[in-house]
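Note that subunit A is present in both complexes that follow, paired respectively with subunit B and with subunit C.
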Partner chain A sequence: MFENVASIEGLFYFAGLVAVIASLKVVTGNNTVHALLYLVVSLLAVAVCFYLMGAPFAAGLEVIVYAGAILVLFVFAVLMFGLGADETKNAPKSKSLANMMGAMLLAAALLVEIVVIINNAEMQQSLQANVISSKAVGIMLYGPYLLAVEIASFLLLSGLLAGYHYAKPDATGGDL
Partner chain B sequence: MADILWKLFEITIIIALLIPIAAMLVWVERRMIGIWQDRHGPNRVGPFGVLQSLADLLKILGKEDWIPPFSDRLVFVLAPIIGAMCVLMSFAVVPFSPSIGVSDLNIGLLFFLAMASLAVYSVVLAGWASNSKYALLGGMRAAAQTVSYEVFMGLSVMGVVLLTGSFNLREIVLAQTNGWLIQSQFVGFFIFLVAGIAESHRLPFDLPEAETELTAGFHTEYSGLKFALFFLGEYLGVTLISAMSVVLFFGGWLMPEPFASWLPPLLWFIIKIMFFVMFFILLRTSLPRPRFDQLLKFGWVVMLPLALLNLLVTAVLRLTGVL
Partner chain C sequence: MTTIPLFHVLILSSLLFLIGFVGVVARKNTLFMLMSLEVMLNAVGVAFIGAGSVWQQADGQVMFVLILTLAAAEVAVGLALLIRMQNKYRSLDIDLLNQMKG
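Right, the complex of A and B next:
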């Protein structure tokens, strides 16, 4: 629909802006559920960015896996433990600069990395790549990246086993 | 530019048709349940009671639209809108006929799954924002139920993707020209249907709003238009699951030859959808509600292995060239 490259770029930057603002609201908000909602918005905006960069498959998975499943579990946990607006009353109001130093250093390192990548002409070319089909993603996953897929699946399997172990009825025959 | 205007026109028409259809379904459902239970059902307003939904709409518009003072106002208002919007968005990828359909997204099936998974927020947030015990319990049930059933809803349709080699719903329909996928994917269809009922929390899987235990579950505190939006979302959801079943397993608008020339493709599509909507209503009248732990256990212990097995057998048959 949008043959115009400028309009795609405009949409991309708009989605990026939404993602940045939403992410800021996540870390500055006082209400847990509101913060989680902003995180959902942020993830959806990132999905739009993926889509506009020509990776519809990644965009779809971003929404299904992160926004649709993991964040729902987060919300579920918040409901379960009743973390509401009043929970933050006990939290320290002003965080000292020293406490935030570690996170700020990491963020700065990431920023430097991104700037270097964007300034690299070679990288810029690869960012302009064409639409990547789900088939291409599949071939990559089960070709060059097979080992990574296998390791990830082993990790998930161990998580599954641990979950099963914890949820097993105990020896006295009690339920959960 | 004309292209975009035409698309907008198409979208408007589809939404303008879908919403009255969802409203009519309320009447159809009550009437059919009445007939199946050997009573009349609503038959007073207009011929056969057709205008019942209109009367209901007028009544619901006249109700006080109450936002409880103890609720989280913003989220409380947002929740029903999210629900109705996610379902309406899903219709964007449904191919209604060879020429009608908003978008032929090449990840159409994933888009449908994504919207289905986002629709959970409507119910969960409604339960949380209401700040009431019944609503909270309903919201938590909805979260657990939907996340569990989503897993094998996705797995059940992967057989279809394996056989057609595409996520594009229009291509999936066209791949069924020589025979509907239900022939080989009946297990997948069964799983998809059960998961679909759980996703749209209809009876017998309507535990998030089970009135005998939770008053009205997640929408206990809702009234007026916001309640109507939840209702709309539910009936649109039924239509959507029916439409997706038809597209994925029953050849969409396609019909075998002697029948195909009788009616235009769009009408065949609608007739097939109505068949499944009726099936949903029949399920509601005939099946009892399970306990919540039975529901989750059934999902993880029976449906998930079944979905994996279906996928495995389909893949093996595909690789050996049988299918």
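Right, the complex of A and C next:
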């Protein structure tokens, strides 16, 4: 079944298609939580693209940091907003699993694709041949890009402070 | 040398960027604008990784890591501001923010 598309290019185009479809659903969605679900699928599809481009380190970072941390931040914020009107107005009427069927189908397609990649020894070999190791990335990060890493750490610190300051309720007010 | 042509990677990247850009410009809900910003940042990451993999340099992935930290900081500040906005206006409509002082 997968003989005709089981090349690295074919699988890349497929993952890219999934990413584009999921991103379109994010942008055109009405319900916030469903849009977040599609955003997760989009990020996972892009992670598969990274893996096929020979960057497994970046693919892992994409899953762990983007889909794992940033999206959870989104979900927590949505919970804090208490978007009751969003649920009553924009959610589909049915309460069954059919709500999530689109995102689940896309995610299942990605899972099948990953299994195909891992099971195909020939493809693994050609992927291994042009992989950029995380060691090389680390050497670059702490060599020529050391200043950029320091600036990024300042950026994260300022993000932390700003997040703390702005999200604080007025009642607890006072100086930072 | 990878088997995926750089041109096709750039097509995918610009498609994703365009989708995110249309989302930022067209949506009125600030939460959806933030999500579209994420899609845009992600698209730039695809371009960097693709270029890094074509030239077999680690620089692409270094830039991706930096984009990742930028996205994390941006989302933290953005969501905190949205919580502020929700508390003040009970809405996330961007059109409520059309005055500098109020």
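As a convention for this text, the second predicted complex is superposed on the first by the 109 of 176 C-alpha atoms of A that agree within 3 Å, B and C clash if a C-alpha of one lies under 4 Å from a C-alpha of the other, contacts with A are read in each partner's own complex, and residues count from 1 in each chain.
FYI, a contact is a pair of C-beta atoms (placed from the backbone, for glycine too) under 8 Å apart; a residue touches a chain by one contact, two chains touch by 3 or more.
Every value quoted in this text rests on a predicted model; they were computed, and no experiment measured them.
Because the two structures share subunit A, they can be overlaid on it, and in that overlay subunit B and subunit C fit beside each other without clashing. With both structures placed on the common chain, the touch criterion links A:L61 to subunit B and to subunit C.
In the superposition on chain A, contact is made by A:A152 with subunit C only, not with subunit B. Once the two complexes are laid over each other on the shared chain, residue contacts for A:V75 go to subunit B alone; subunit C is not touched. Of the two partner chains placed by superposition, A:V18 touches none, neither subunit B nor subunit C. Once the two complexes are overlaid on the shared chain, A:G163 sits against subunit C while remaining clear of subunit B. Once the two structures are overlaid, the count of subunit A residues touched is higher for C than for its counterpart among subunit B and subunit C. In the superposition on chain A, contact of A:L37 is made with subunit B only, not with subunit C.
Superposition on chain A leaves subunit B and subunit C with their closest Cα atoms 13 Å from each other.
Once both structures are placed on chain A, subunit A residues 57, 61, 69, 73, 78, 80 are touched by subunit B and, in the other complex, by subunit C. By the touch criterion given at the top, residues 3-4, 7, 72, 74-75, 105-107, 110-111, 113-114, 116-118, 120-121, 124-125, 127-128, 136, 139-140, 143-144, 146-147, 150, 154, 167 of subunit B touch subunit A in their complex. For subunit A in complex with subunit B, the touching residues are 1, 33-34, 37, 40, 56-57, 59-61, 63-64, 67-69, 72-73, 75-76, 78-80, 85, 133-134. Residue ranges of subunit C in contact with subunit A, taken from their complex: 1-4, 8-9, 12, 15-16, 19-20, 22-23, 26-27, 29, 31-32, 34-36, 38-39, 42, 45-46, 49-50, 52-53, 56-62, 64-66, 68-77, 79-84, 86-87, 92. Contact residues of subunit A toward subunit C in the complex are 7-9, 12-13, 16, 19-20, 23-24, 26-27, 29, 32, 35-36, 39, 42-43, 46, 49-50, 52-55, 57-58, 61-62, 65-66, 69-70, 73-74, 77-78, 80-81, 126, 130, 132, 136-137, 139-141, 145, 148, 152, 155-156, 158-160, 162-167, 169-170.
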